[in-house]
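Structures given as structure tokens follow.
Below are two complexes that have chain A in common, paired first with chain B and then with chain C.
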Partner chain A sequence: MKKMSGENRDFDGVWVLGDYRNYFQNRVTLQLISKGKALAQKLNTKVSVIVLGEQVHQYAMEYVAHGADVIIVAEHPELREYQVETYTALLARWVEDFKPEVFLAGATSFGRELFPRLAKRLQTGLSADCVALDVDSETGLLVQTTPAFGGELLADVVTPNRQPQMATVHPGVFHERPHDPEAVGRIIYPELDVLPEERVRLLRSRRQQTRSINLEDAQVVVVGGRGLGSKEQFGLLFELAELLEGEVGATRPAILPEWAEEDRLLGQTGKSVKPKLLISIGTSGALQYTTGIQGAETIIAINRDPNAPIFKMADLGLVGDATILLPMLLEALRKRL
Partner chain B sequence: MLKFRESHISAHHNYLVNDMLAAGFLLGDPDSPKTFYFLSDIVPPGESTPRISARAFDEHGLLLFELTSNVMGKNPCECASQSIPGGVRILDSSGKALLEVRTEEFTNGYLTRLKARLFDEHGNLRIGDQGESIQVYGEADMAYISPPPAGGTEGNADHEQRR
Partner chain C sequence: MNIVVCMKQVPDAPSIRIDRQRMTVIREGVDSIINPLDYVALEAALDLSKREGGNVTVITMGPPQSEEALREALAVGADRSVLLTDPAFAGSDTLATSHVLARAISRLDPFPDLVLCGTQTIDSDTGHVGPQIAEELDLPQVGGVNEIHLEDNSLVVKRLSDGFLDTIKVDLPALLTVTHGLCPVRDIPLGALEIAFSREDVVTWGADDLKLNKEEVGFEGSVSRVWKLRPPPPKRKGELVTGSPQTLLDSLIRKLEALSVLDEEDVRRE
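The block that comes next holds the complex of A and B.
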């Protein structure tokens, strides 16, 4: 494999930003370690996880158990809460010293705020919300596949002249490796200089009180889109999900008129699911949405347009008006269950 | 150039030493029959009890006790061991704690914190407390020895803690 030449030759290693907030539900860092490991093998290097915070011992061990070769830790009381200026300055300093070739983060609210700032600071490129990553066998460059033009196309992006090659990755796109209690790794504690002064001071934080929606682990997911026509019709999905012991997801056109909470959004800017059964009702099948349901084992789609893209990926398609078919489906299920 | 310290960690169990995680660490020479040493051995998956072996002295260089894999050997000062939640404590004859070993259970692993104030045969302090971690003085080997990390910065990894 031909590696990049000139000034970029010094860069080596795949880095993953460790986002351990809500660790046992938020698995995107583990998914990135798994993918990072595969990329690192192709690049003949190691995958390192960067962990900033206080009392992060447990997470360092978890990341090793899930495949990280190296953990790089900054432990300090002032890093306990995420603060973007401090984190950006610290990471920029480390990147300049350690020179990783690739730096990945989850496309979470955390990664989406931090990584653009960091990329700007480092004068390098950033691909946001990637749905696939690979190494080009000719150039050794990271190929970052991301939705483009409003999600109508998937674009392969490379960063040929700047390092590190940075990308945020959509949660749920990659599979995490199983926990291996026999794994060992190296842990590095860089000396912390005086932390930069934050212009914004965090006074307190509190967790948002919302009902837990566990779409990612649901075995059955019922998804509604614009074709349901109203909030009342969309509400029938909750009964359908209850009968099937599943969860309700939504596409962006159903979120915008507030038929469902933002937490139920599936797709490029929402969640990715891997249920055994997914019923997609009144959804056209735009790429922004189908990005989040690619892991479903069986898809049943209902749409009045026989040419709707959703039928291309559905295992079973029903052409008809969702507002008529959904009540019929509910009635049939009530009799059987 | 950025300076850093490093050690090797296990996914299953680690000790906290010098504010670092380490799968195990060794101070001194365990093969020498009379000199100070302190060995926190690697705990394999399936086990959760840390294994400590040591030959420890007081500030005057007098032998306090010898431990071999948690079992008391020579004990000229009549030290006593006492169970505490999550671990064990070794006390001298006056009841003062010399060594405390306490293991915390995580969802998928274990972390052992030590408290101690132990000296070598010359009366030099080798292990002391600092916050939630012990601080070791003199040379220490962190379980495994490794090459510098990939990525350019090298040559200043502090395998041997010198204070």
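The block that comes next holds the complex of A and C.
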């Protein structure tokens, strides 16, 4: 394919930020390697993963096995903790040296904090939380598709005159390639010059207790929202989940009064799930929530308002009072066991 | 401690309507609100300044009507407000928006100890503007903050990031983006809004006041271009069941059986 002309000719390669901190929970880096490879093919170039940390060789190997052509590694004690300012300084220098044309990161908390600062330093464009990416065949530009106006529309955004073209990508929209132990890739360790950030110091960081809540892998997820009205009503969901061998999720208004732990939050600021069945009870269907449940194969919604937006994305919608229906359902299910 | 809060007036989500023929947003009759997380930032700023002294300045970039948002903030207790409005600012992407806001903040006297933003807005929803202001002003940043304590000349803040509970010490001046749970949002006291609307203390700055060229801001100063807007892929068209609780229950059980979540055998044996 024809490469871009003019000032952009110098830029070459698709870069992916290696966000390994939650490797076992969040596979967005692997998803981006796979998508990056498809984009790189169209651009006639390679996909590289940039890994910053202290001892990250194992992740580098993993990224090769999942399809990366090149891994660019920075190992340094100062890089052990994810740190926006330090990472920005290092990445900005590498971008200037290597000149990638595309740079992608997962829309994780860290990705969404780091990438804006990096894009600003590089004076280039950035799209947030993309749900699709493609290369325009005429111009070779990266077409970044992002939800607009509360998800009512999708916007195709391009960065025509700046490089690299940057985007953060919603976890779960692309599929990782299978692990191939035979795969070969190049791992390079460029020269480093790390400037520690003195103004921000991480005093403590502990992994939130997850109490084996495994929403991401659950086959059945039952979600409760504000419509359940009380902690007692919400509590019935735990029994329902147990009967269906599933997990309990929650919307923001159900987390705030502590009906459920923060870890159960679904949506834009919470988790994304992809169960076979999701039952959404007493939730209106705000976009910030539904972005987290789009991957569900089947959605059943219970809401007393027939116009609730959640019904627009449900395969089965039940218009009625959840506080009546839920005890009846539990009763019926208990009988069958 | 002098604090600046960046606030954006946004369309109230439920009132947004789309003209699907023309693929545009219908702007008439849309209610505007202060972006919810910016309100959280404002409450946190007021709380900090009450404890530590100092002024709270609210600042917004937007069309002239954004002044309403500033008036509302004054009614809740902000000391000063700055409206950044100029036809030249229209069409700004986040790079250009953060440029205008950063320039305005850098012209405040004294320079603030703390800049607060929401973690993201409900309309553009990028979460870019806070970190990009921090970058332009060379301030340290912490995102997604839900707890703030002052210690000497630093802040100790907490935030949840990708499943980690971080406690971070950050020197002032700094920029934080804040999220849910930081501060309860109060109702505006009766009458305070009227008083705020009768005061005349909203400072307005345009591109000239900020010594910004037209090429640096607005559409011209933006590097991202929207190629097209299109409808999202069709939603699922499901079945909607109404009726007695028993009717609902029956169709629910049937669906669970059809999905093999429930075993039909169990029932027959009973």
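Here is the rule we go by: the second predicted complex is superposed on the first by the 304 of 337 C-alpha atoms of A that agree within 3 Å, B and C clash if a C-alpha of one lies under 4 Å from a C-alpha of the other, contacts with A are read in each partner's own complex, and residues count from 1 in each chain.
Keep in mind that, in the parts below, a contact is a pair of C-beta atoms (placed from the backbone, for glycine too) under 8 Å apart; a residue touches a chain by one contact, two chains touch by 3 or more.
Being a predicted model, the structure only gives us computed values, none of them experimental.
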Review point. Once the shared chain is lined up, is A:L266 touching chain B (first), chain C (second), both, or neither of them?
Key: neither
Check your understanding: Of the two partner chains, chain B (first) and chain C (second), which one does A:L30 touch, if any: first, second, both, or neither?
Key -> neither
Exercise for review: Please work out whether A:A254 is in contact with chain B alone, chain C alone, both, or neither, and reply first, second, both or neither.
Suggested key: neither
Exercise for review: Applying the touch criterion given at the start, work out whether A:A74 contacts chain B, chain C, both or neither, answering first, second, both or neither.
Suggested key: neither
Exercise for review: Examine A:H179 and indicate which partner it touches, taking first as chain B and second as chain C; both and neither are also allowed.
Suggested key: first
Review point. Which partner does A:S109 reach: the first (chain B), the second (chain C), both, or neither?
Key: second
**Study point:** Superposition-derived comparison: chain B or chain C, residues of chain A touched
**Key:** C
Check your understanding: Touch check for A:V135: first (chain B), second (chain C), both, or neither?
Key -> neither
Exercise for review: Using the superposition on chain A described above, determine whether A:V223 touches chain B (first), chain C (second), both, or neither.
Suggested key: neither
Check your understanding: Which of the two partners, first being chain B and second being chain C, lies in contact with A:V49: first, second, both, or neither?
Key -> neither
Revision key, fill the gap. Shared chain A footprint, chain B vs chain C, residue numbers none
Point to revise | For the chain A and chain C complex, residues of the former touching the latter | key: 21-22, 25-26, 82, 84-85, 88, 108-110, 112-114, 116-117, 119-121, 123-129, 143, 147-162, 197-208, 210, 220, 244, 252, 256, 262-263, 269, 276-277, 286-288, 298-300, 302, 306, 311-321, 324-325, 328-329, 332-333, 335-337
Exercise for review: Under the touch definition given earlier, write down the residues of chain A that touch chain B in their complex.
Suggested key: 10-13, 24, 45-46, 48, 57-58, 60-62, 64-65, 70-71, 75, 93-94, 97-100, 179-191
**Study point:** Residue ranges of chain C touching chain A (in the complex, touch as defined)
**Key:** 13, 16, 18, 23, 25, 93-95, 98, 122-123, 125-132, 134-136, 140-144, 156, 160-171, 174, 179-181, 222-232, 235-236, 238-243, 245-246, 248-249, 251-253, 255-256, 259, 261-263, 266-267, 270
Point to revise | Complex contact set, residues of chain B against chain A | key: 1-12, 14, 16, 19-21, 23, 44-45, 106-109, 111, 144, 146, 149-153, 157
